Amino acid sequence: MSREDTTRRILEAKTARGLKWFQVADKIGLSKEWVTAGCLGQMTFDAEQAGMICEIFGLPEEDRLWLQTPPHKGSLSTGAPSDPLIYRFYELVSVYGITLKELIHEEFGDGIMSAIDFKMELSRESDPHGDRVNISMSGKFLPYKTY
Amino acid sequence: MSREDTTRRILEAKTARGLKWFQVADKIGLSKEWVTAGCLGQMTFDAEQAGMICEIFGLPEEDRLWLQTPPHKGSLSTGAPSDPLIYRFYELVSVYGITLKELIHEEFGDGIMSAIDFKMELSRESDPHGDRVNISMSGKFLPYKTY
Amino acid sequence: MSREDTTRRILEAKTARGLKWFQVADKIGLSKEWVTAGCLGQMTFDAEQAGMICEIFGLPEEDRLWLQTPPHKGSLSTGAPSDPLIYRFYELVSVYGITLKELIHEEFGDGIMSAIDFKMELSRESDPHGDRVNISMSGKFLPYKTY
Amino acid sequence: MSREDTTRRILEAKTARGLKWFQVADKIGLSKEWVTAGCLGQMTFDAEQAGMICEIFGLPEEDRLWLQTPPHKGSLSTGAPSDPLIYRFYELVSVYGITLKELIHEEFGDGIMSAIDFKMELSRESDPHGDRVNISMSGKFLPYKTY
Amino acid sequence: MSREDTTRRILEAKTARGLKWFQVADKIGLSKEWVTAGCLGQMTFDAEQAGMICEIFGLPEEDRLWLQTPPHKGSLSTGAPSDPLIYRFYELVSVYGITLKELIHEEFGDGIMSAIDFKMELSRESDPHGDRVNISMSGKFLPYKTY
Amino acid sequence: MSREDTTRRILEAKTARGLKWFQVADKIGLSKEWVTAGCLGQMTFDAEQAGMICEIFGLPEEDRLWLQTPPHKGSLSTGAPSDPLIYRFYELVSVYGITLKELIHEEFGDGIMSAIDFKMELSRESDPHGDRVNISMSGKFLPYKTY
Amino acid sequence: MSREDTTRRILEAKTARGLKWFQVADKIGLSKEWVTAGCLGQMTFDAEQAGMICEIFGLPEEDRLWLQTPPHKGSLSTGAPSDPLIYRFYELVSVYGITLKELIHEEFGDGIMSAIDFKMELSRESDPHGDRVNISMSGKFLPYKTY
Amino acid sequence: MSREDTTRRILEAKTARGLKWFQVADKIGLSKEWVTAGCLGQMTFDAEQAGMICEIFGLPEEDRLWLQTPPHKGSLSTGAPSDPLIYRFYELVSVYGITLKELIHEEFGDGIMSAIDFKMELSRESDPHGDRVNISMSGKFLPYKTY
Amino acid sequence: MSREDTTRRILEAKTARGLKWFQVADKIGLSKEWVTAGCLGQMTFDAEQAGMICEIFGLPEEDRLWLQTPPHKGSLSTGAPSDPLIYRFYELVSVYGITLKELIHEEFGDGIMSAIDFKMELSRESDPHGDRVNISMSGKFLPYKTY
Amino acid sequence: MSREDTTRRILEAKTARGLKWFQVADKIGLSKEWVTAGCLGQMTFDAEQAGMICEIFGLPEEDRLWLQTPPHKGSLSTGAPSDPLIYRFYELVSVYGITLKELIHEEFGDGIMSAIDFKMELSRESDPHGDRVNISMSGKFLPYKTY
């Protein structure tokens, strides 16, 4: 029994029950982005949220505790991801990473965009040439300070 | 003489002349995101743009041709980047990649968000708890089709 | 229970029942290339196709749902593949990749050949010096655009 | 002085003289695919061809000898290529490699498609939804034999 | 059930029954080199051979089908093998690989020695300073051709 | 000045003077396999041999000393080699390595074939279906002993 | 000319002039930890600090600009560092990393210790059994927040 | 049954019983840092400590022996860790590793800080701008000596 | 059932029965170094030795055959080992490997120290400043010979 | 100018002057093992020793300072070394590493053999079956202690 088992059980129940992530998020009352990440073992739920997740997916009691335990995060163990959809985001970091570095330093000075004090939203934009995936990200700027 | 030399000469001239990327972009009349990526050897300029770049940075004649040649792109040769700012974006792919995969498939079906028919914009958001880096991305959805 | 289990069950049933991929494709009414890729966990079937696949291979009910779920794609987790047949294709990318890059840029300008809006066909060509494997690929050209 | 230097000199001269690969191939009287691969250090020219290459690009005498020496081939030293165009071909091997293996074995039995006794052709297909890159490959089937 | 299971069952039965590879090869009527490679999941047997293998090792019925299915070949997933005996062969490629390349090109021109149209034989040579392992390999030369 | 420079100078002189490896070996009075490996920086010459090598290739005085210094050997720094000819030998280790292990242990018991007390010979075999590369290797068997 | 050149020039001048890092830090008026990291190309100086650094080490004018440009940071390009002193810190992350994760989560909940809003101090502790290296680190806790 | 099983059972029992690491450490009478590392399979307990651990977590008898057996330590099998919290410590080694090397050599001469004769303590510092994680490390300096 | 299972059973029995390696070696009548390596799956026992090992550890019958089968050796699948004790030996190869190469070549000429015709002994040396681990190794020198 | 340049100059002078490492060590009055390691950039000399090294090899003044600066140590940047002589030592760690771990823990308890408080000696042992390389190592045992 581990958090990986909880994630696997959620994915199986989601397929078996035909649930959508946005429906789960609506019941929890949070964004679909954060709730999906949490269900996939990347975020930590509080006691009430964990109870609702267990109810929605029909999970056993022990999963309620695992969902409240900070998980071992990250899915890129080594290098480039093989899945084409995930790879495109890796490619964006590869092609645009140095550009983001230059522009953030130009605007803010030396520091980084936080990946912890961070939120994002994904939406669909209708377009006659083919609909588009829009993603907006917002992360706090953290400056390096002298000491 | 190669495109890497052109990039190096641009960075040296930018430092020596105290230029800002947004000023370069303004002169070219395009977004700062695309122009910076192009100057860093990730995009291809047309003849007129290449001429302006050469003038702004005081580049030799041969660079005008290199700037019009599609470069070998990408800066992540293997695995995780060491620079903390760029790593945070890699971490976002690691932590949120599977979430993006789930949500795009839920909304659009099987396919990917294009990293080619793509644009992005970076801006600063004032915030009393510390200013934030906002990034909005837009990529065309490309479906897998049966045949 | 996961998509990997479904793939394994298909391969076992195919061996046990002595089925050929082209026969499966004929029953579904699509190309053998796409159907084989789908059965191997690289493409997503719709409800009707998934039902036919389950019937042909005698799969349990849950596999019908998994076959309709976009899978985690890609089989090259790191570097060069060890299987000699698959390696030859990797070697073609290694030997001819830069040539393809030069020729596509020469003909189309900066951009890529899509691996999503893509189809391919494999056929046998009789040849007195030894029969040949012919593969024709067709992918949409996607240009980088300024913004 | 090495074959890598020859390749670099060819690329610089091609940019400086504004030559196209198909023009070079036309003068040599061979396919643009093979000639481009040869100029990029992946194939070996005979004495006459090497002389023509030197003349077209204005190369020094020693390059004529290097062009006739079998080069150290291959451009993928480790794992996935970073350039988006070349990566798409790597992804095709990743996504379709096991499909190609299954279909070749189904049609021909155990063996491989040769990457040496091999030719390919790249062409443009007009399409109202966006032009397509067409690539046709032909490689001799080589069976494993018992002994 | 998979080809890996078949290989494991063969190794267990070989140990339990005290069989030698050359005895298995004698019964099949082929070389010990090819038969051992086949039993270890690197070659494909025909129906009659597969039946004999199953009888010799007491394998279940399904293994007869797997033995006739081209396996996923190769045992070096990444880099250097850890086993000292296998590593010595890897070291020979490391130390003598460029020599073999020079000498084959000198004798045959540009091309390769086939690893598919290939056979080898291992034998013992008595020597008062310590017996020697003799290995003779024979592979068809495959030339690169212009097109 | 280092052994790598010596190797580079030998390769340049060999190309410029149109020498063949077997001619160099004939002059030294040793096998072409050993002499080529030595010239490529994998073996150590004695004083007389080093002098002859310097004369044949017209090398400067300091190379005579480097040729007598045991070099840092091996050309496979990490994993699989990209050159198709060298890769075929790597593939043979991958496909046949476990077979060689089984057969050597069956014949000799636990131990290895030495890659140091080792010699090899490469020759051409005429064959109406295409000439073949024949390679014979001989290495002393070294047993593990208890102590 | 690049930041790496600046770092190299600093190291050469430090050796040639016999300077100590704590002396440099004292002149700048900041901690030796931050100043050393900055001189080694990991932090960014302001105009006044950069001027002092140039004076102390006798650097050319262009280095004053590079010292004010955020550098590409990080010195562990891949995996474990080879230097024994640096490796010990890597080993501490390997042995104690999961412990730090457990204890930080126990005390603070889900989140991380910032490596940006961070400071550290290194000092010597006299000890009759052998002096000790004491390092104290302080990083802001950054919680993951729901959204 | 192995030490990994013991660690897993401890983690499951800790979650099920709602225990805190500092409570476990208090009962053992040692620091929370060392006890947590030991429970996670990085340190070795003596007989009495092992008995107490078994009692606290309700472990079976065999775990008492495993807890007294020096474990295979280290959790970073290759390169950078994916978990964001643990990665931050890896980044500190990447960014500050060469600084620590310089400062330790400046203060102590050539040698290392021991990661064995080592202790550390983690505590919370209240801060109006956000609480901080404080970590103090102490390791014996080990000099290289001539011989 | 495989040699890995045998090793695991030995380790479990050793822990459960409280056996010491030197006691096992004494009963077999060989060195503790060789016997421990053999029990850990790195050496091959003869029939009599295998019988004694099975009796000492209470192993099932099939293990007697596995212990007589040359195992797949080596425990460093890729790169540096994570365990601190084993890493120190890897570090010694990293720091002293080129020194050993220089000194062996200086004394013996070109060749290697055999890792097969090899023995070693580990002992404790009392020392008032802390006891020392003494390891003496002896390997036959194998010269490269011309041919 | 860096420590790597110093090492290169030492190796060139040693070859040009025909010096032996043991002669250098005799002049310095220390062991050949430590002096060779120091000359190869793995140890740090004091002022007097550095002066003698410079005199023996005829090095320029700046090398005297570099020889007194603790170098970046270690020569195995990633994984297995390619040189056969050095690889044999890597293989010994691979084959015997877990044995050394078991025996050191059995004799000393949990801890490591220091690679810093360490010395070694290499000597030749005459043997009618072929001379042997003898290496004796001595490292202080460092225990893990509770805190």
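Order of writing sets the chain letters: A, B, C, D, E, F, G, H, I and J. Residues in each chain are counted from 1.
As a working rule, a residue touches a chain if its C-beta (ideal position, glycine included) is under 8 Å from a C-beta of that chain, and two chains touch if they have at least 3 such contacts.
No experiment lies behind these values; they were computed from the predicted model shown.
Q: Measuring centre to centre, with centres taken as mean CA positions, what chain is farthest from subunit B?
A: I
Q: Can you tell me which pair among H-J, H-I or C-D shares over half of its residue-numbered contact pairs with E-I?
A: H-I
Q: Would you kindly say which chain has the C-alpha centre located farthest from the C-alpha centre of subunit G?
A: Ranked by distance of C-alpha centres from subunit G, the top chain is E.
Q: Taking contacts as defined above, which has more of them, C-E or H-J?
A: Between the two chain pairs, H-J has more contacting C-beta pairs.
Q: Mind checking the centre-to-centre distance between subunit E and subunit G? Centres are C-alpha means, answer in whole Å.
A: 53
Q: Using the average of all C-alpha atoms in each chain as its centre, how far is it in Å between subunit B and subunit H?
A: Spacing between the chain centres: roughly 41 Å.
Q: Express in whole angstrom the distance between the two chain centres, defined as the mean CA positions of subunit E and subunit F.
A: From the centre of subunit E to the centre of subunit F is 23 Å.
Q: Between subunit A and subunit H, what is the separation of their C-alpha centroids in Å?
A: Chain centres of subunit A and subunit H, defined by C-alpha means, are spaced 29 Å apart.
Q: In subunit I, what residues contact two or more other chains?
A: Touching at least two other chains: 33, 69-70, 72-76, 78-85, 87, 91, 94-95, 101, 105, 111-112, 114-116, 142.
Q: What are all the touching pairs of chains?
A: A-B, A-C, A-D, A-G, A-H, B-C, B-D, B-G, B-H, C-D, C-E, C-F, D-E, D-F, E-F, E-I, E-J, F-I, F-J, G-H, G-I, G-J, H-I, H-J, I-J
Q: If we count contacts the way the header does, which residues on subunit B are in touch with subunit A in the complex?
A: 20-22, 32-33, 36-37, 40, 42, 73-76, 78-81, 83-86, 88-108, 111-115, 118, 120, 122, 124-125, 127, 129-142
Q: Contact residues on subunit D for subunit E in the complex?
A: Touching subunit E from subunit D are residues 30-31, 33-34, 43-44, 69-70, 72, 101, 105, 109-112, 114, 116-117, 119, 142-147.
Q: Okay, in this complex, where on subunit H does subunit A touch?
A: On the subunit H side, the touching residues are 8, 11-12, 15-16, 18, 78-79, 81-85, 87.
Q: Contact residues on subunit H for subunit B in the complex?
A: 79-80, 82, 84, 87, 91, 94-95
Q: Could you please specify the touching residues of subunit D with respect to subunit F in the complex?
A: Going through subunit D, the ones touching subunit F are 1-2, 62, 65-66, 69-70, 72-78, 115-116.
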